[in-house]
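Okay, so chain A shows up in both of these, paired with chain B first and chain C after.
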Partner chain A sequence: MIEILSDAPLATVQDFGRPDRRRYGVGTSGAMDRLALATGNILLGNPEDAAGIEVPLFPFRVRLDADLDIAVTGADARATLDGAPLPPWWRIGARAGQELELRHPLRGARAYLTLSGGIDVPRVLGARATQLRGAIGGFEGRALKRGDRVPTGRIGTAAAPLGAVPPDAVLTLPAPSGAAEGDIAVRVLPVGEYAELTPESRAAFWRSGWVVTPQSNRAGYRLGGAVLETVRKLEMRSYGVVPGLIQLPPGGAPIIQLSDANATGGYPKIGTVIEADLWRLGQAPIGATLRFVEVDYQAARAAWLAVEDYLTKLRRHAAWQGAAGR
Partner chain B sequence: MSRPTEIDEIAGLLAAMEAAGVAEVEIEGPDARLHLRLEPEGMPAGAAQAREPAETAPPTLCRAPAAGFLLLQHPAAGRPLLAPGAPVAAGDTVALIRTGLLLRPVTAPATGRLRWLVESGALLGYGTPLAEIEPQIPH
Partner chain C sequence: MPADLGLDVPRIGLLGTSAMLFDAPGAFDLSVQQRIWAMAREAALWPEVVEAVPGMTNLMLSFASPPADPGALEERLLRAWEASEPGPVADSRLVEVPVVYGGTLGPDLAPVAAQAGLTPVQAAELHAAAEYVVYAVGSSPGFGYLGGLDERLFVPRRAVPLLRAEGGSVMIAGRQAGVTTAAGPTGWHVLGHSTAPLFDASRDPPALLRPGDRVRFRIARIEA
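Right, the complex of A and B next:
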């Protein structure tokens, strides 16, 4: 059991969500940065998709009711355990009564707290992920709040401190031309009605910096930058939506659908951020500038294999360590 | 496979050998043979013959907790773990050892002023002395 000590607006229990329930109109939900969640779980010897806590706002404080191995991954939230600083992407054996604090990150947007055995809330529609809109899953279908006591799967601690080389140190992307320091590049496949954009808009789509506006959340990011236009007015039928889909609502400012998106949508769709780069979006804070880099299917596939390779290596290296450290 | 990856894999094998208490491993493939042998106590021969201690208390050696590469700053943090020249307290994390994709802390075994014996990025064996800590004389 862990107890939430801070007001924790929008901190939610998340796993890999419900991708298989879209056919029933249920959105996927799940962690915005699955790579960070998976990495924490691998460090702890959990299944990669065990539920953890996604923390988008800081400070965030919890107290452990029992000895527990914990890991903090994702945004570098300058975590401290009873005041002692922890390196980012770190696992440590914590003691009953100790307090973990996460502070406003210097880089990234969302930190993940994972614990040995995972967060043990009931599965709803196959997953423990919180879906705020439908008020299902997670901890009572809602964001966590001060005083909540959240059940964990396994107690007892044996872990020596251990860190992971973070994904962005391994899965590097060259900065696209025109990008400023700190811009976040994501790779995009042109899809659907992309060809209906005017030539100027197509050029602007790739050339513009796209700011993540304050009208952004787990459902999607509303972007600011150029205004895009189609050559003619498009009438669309509803279609299935996947996280990463870039749509063009009537105002001409694109939106990117994300973890808590509806299962269907009807705006023209002009691109999709490749699955291998969704974690980069999850770590893009409000005000960050995104850059779209055009790729084809083969490049998107190769990028996904690189993500899988990172996780495979991490699992293997953690297994070597397993003999020594756990 | 790229060379850095192979080095990582070998460092990982060494870590597994240490963990399992295996002293020697030989692997043969179609075009390569790998022979790994751990020195007793993980100590490279001769490494312990430090200089003659002066009349002051001898420096304490800080050793690599695992085989791997020495990092003086975390790959995500962009700031050194230890401010240059700052005194360290026993138990402080002063550096990291990277083995494959894993990082282990190097903790100071004593309190005092730390002097590096190896360069940042050096590939170290388990138990290799990497720094010495001079106890500080109170004034």
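Right, the complex of A and C next:
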């Protein structure tokens, strides 16, 4: 059990979500940075998709009611345990009664708190992820708040700490031409009505920096940059939506659909941020500038395999070290 | 008028590495949609497919991992489309949805009626007289896209979206009708409210409506 000590606006229980319930109108939900969640879980010896807490606003404080291994991954939230600095991307044994604090990250947007055994809320429609619209899953279908006592799955700690090389140190992307310091590059496959964009808009799509506006959240990022136009006005028929899909509403400012997107939608679609780069979006704070880099399907698939390779190596490392440490 | 993508031939495209979308050719009509349902039933059994999601005259397949050979799947989708036959769903049901029309939870009944040159009572009666077919379930939890709206009630979407419509909102837009189960913003017109249990996350499947089911709205009350 852990107890939430701070107001925790929009902190939610998340796992890998519900990939297979769109046909009932239920979107996927799940962690915005699945790679960070998976990494924390692997360090802890949990199933990769065990539930953790996604923290988008800071400070965030919890007290542990039992001895537990914990790992803080994702944004570098300068975590402290009873005031002492806690390294990010490490499994650490914490004692009952200790307080963990996450502070405003200097880089990244969302921190993940994972614990041995995972957050043990009931599965709803196959997952523990919170979907706020419809109040499905998670902790009572809502964001966490001060005083909540959240059940965890397993008590006890391993003998030795264990760390991971953060994904952004391994899965590097060269900065595209024209990018400024701090811009976040993501790879994009053109899809659907991309060819309906005017030639000027097609060029602007790749050339422009795209700012994540304050009207952005887990459902989607509304982008500011160029205004894109299609050669003709399109009336679309509703279709299934995937996280990463870039749609173009009538105003001409694109939206990237994300974890809490509706199951289906009807705006023209012009691109998809590739699955291997969704975690980069999850770590893009409001005000960040995104750069789209065009790739083809085989490159997108190779990028996905590179992420799998990162996780496979980490699993091997954790199994080896875990065996050595116990 | 906006250009509808009325295709001459099927169109298949990848949505990144995690999904593929099949767009059926032809007009937006029930026989095309029935073929989409048939394809969805078949494609749901393919080993690489996590879910087959019927949209409006389209079908999305989602994958657990990026297919090594998406071309082979495209071929398979084309063959499934060619083999598909229009026809009603064998085990479809008739679902009755009681509606309180108008009032604070049906703020658009009067304006929609006025736009259609009808009284609010006439608009409610027209809405409740038709038998609807569930084309697809999507958008928000348990929401059914319903076809069968009387064309006298065809009204374009709201120019300015409503910031919040309650769960249970009975809505129309263009030629479509539907009932929400969770509160949220909408560009549709809210004619009334229903407490019909159309979604329950503790059931699996959680949505009451299924593609091919028929829906009848029953007038529980009409409020000014």
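One rule holds for everything that comes next: the second predicted complex is superposed on the first by the 324 of 326 C-alpha atoms of A that agree within 3 Å, B and C clash if a C-alpha of one lies under 4 Å from a C-alpha of the other, contacts with A are read in each partner's own complex, and residues count from 1 in each chain.
What we mean here is this: a residue touches a chain if its C-beta (ideal position, glycine included) is under 8 Å from a C-beta of that chain, and two chains touch if they have at least 3 such contacts.
Computed from a prediction, not measured in an experiment: that's the story for all the values here.
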Exercise. Is A:Leu189 in contact with chain B, with chain C, with both, or with neither (first, second, both, neither)?
Worked result: second
For this session: Using the touch definition from the top, say if A:Gln215 reaches chain B (first), chain C (second), both or neither.
Result: neither
Exercise. After superposition on the shared chain, which partner residues are touched by A:Val124: those of chain B (first), chain C (second), both, or neither?
Worked result: second
Exercise. What is the contact status of A:Thr198 with respect to chain B (first) and chain C (second): first, second, both, or neither?
Worked result: neither
Exercise. Which chain makes contact with more of the residues of chain A, chain B or else chain C?
Worked result: C
Exercise. So, A:Leu245: does it touch chain B (first), chain C (second), both, or neither?
Worked result: second
Seminar exercise, completed: Footprint intersection on chain A (chain B / chain C) at none
Problem set entry | Touch list for chain A against partner chain C, complex | 19-26, 124-126, 133-137, 189, 191-192, 232-240, 242, 244-245, 262-265, 269, 272-276, 297, 300-301, 304
Exercise. Which bits of chain A are touching chain B when the two form their complex?
Worked result: 76, 87-89, 107, 160-166, 168-170, 310, 313-314, 316-318, 320-321, 323-325
Exercise. Along chain C, where are the residues that touch chain A in the complex?
Worked result: 1-5, 13-19, 21, 23, 28, 40, 50-58, 60, 62, 64-66, 68, 70, 136-143, 145, 181-184, 199, 201-202, 204-207
Exercise. Hey, which residues of chain B end up touching chain A in the complex?
Worked result: 8, 12-13, 15-16, 18-20, 66, 74-77, 81, 93, 96, 98-105
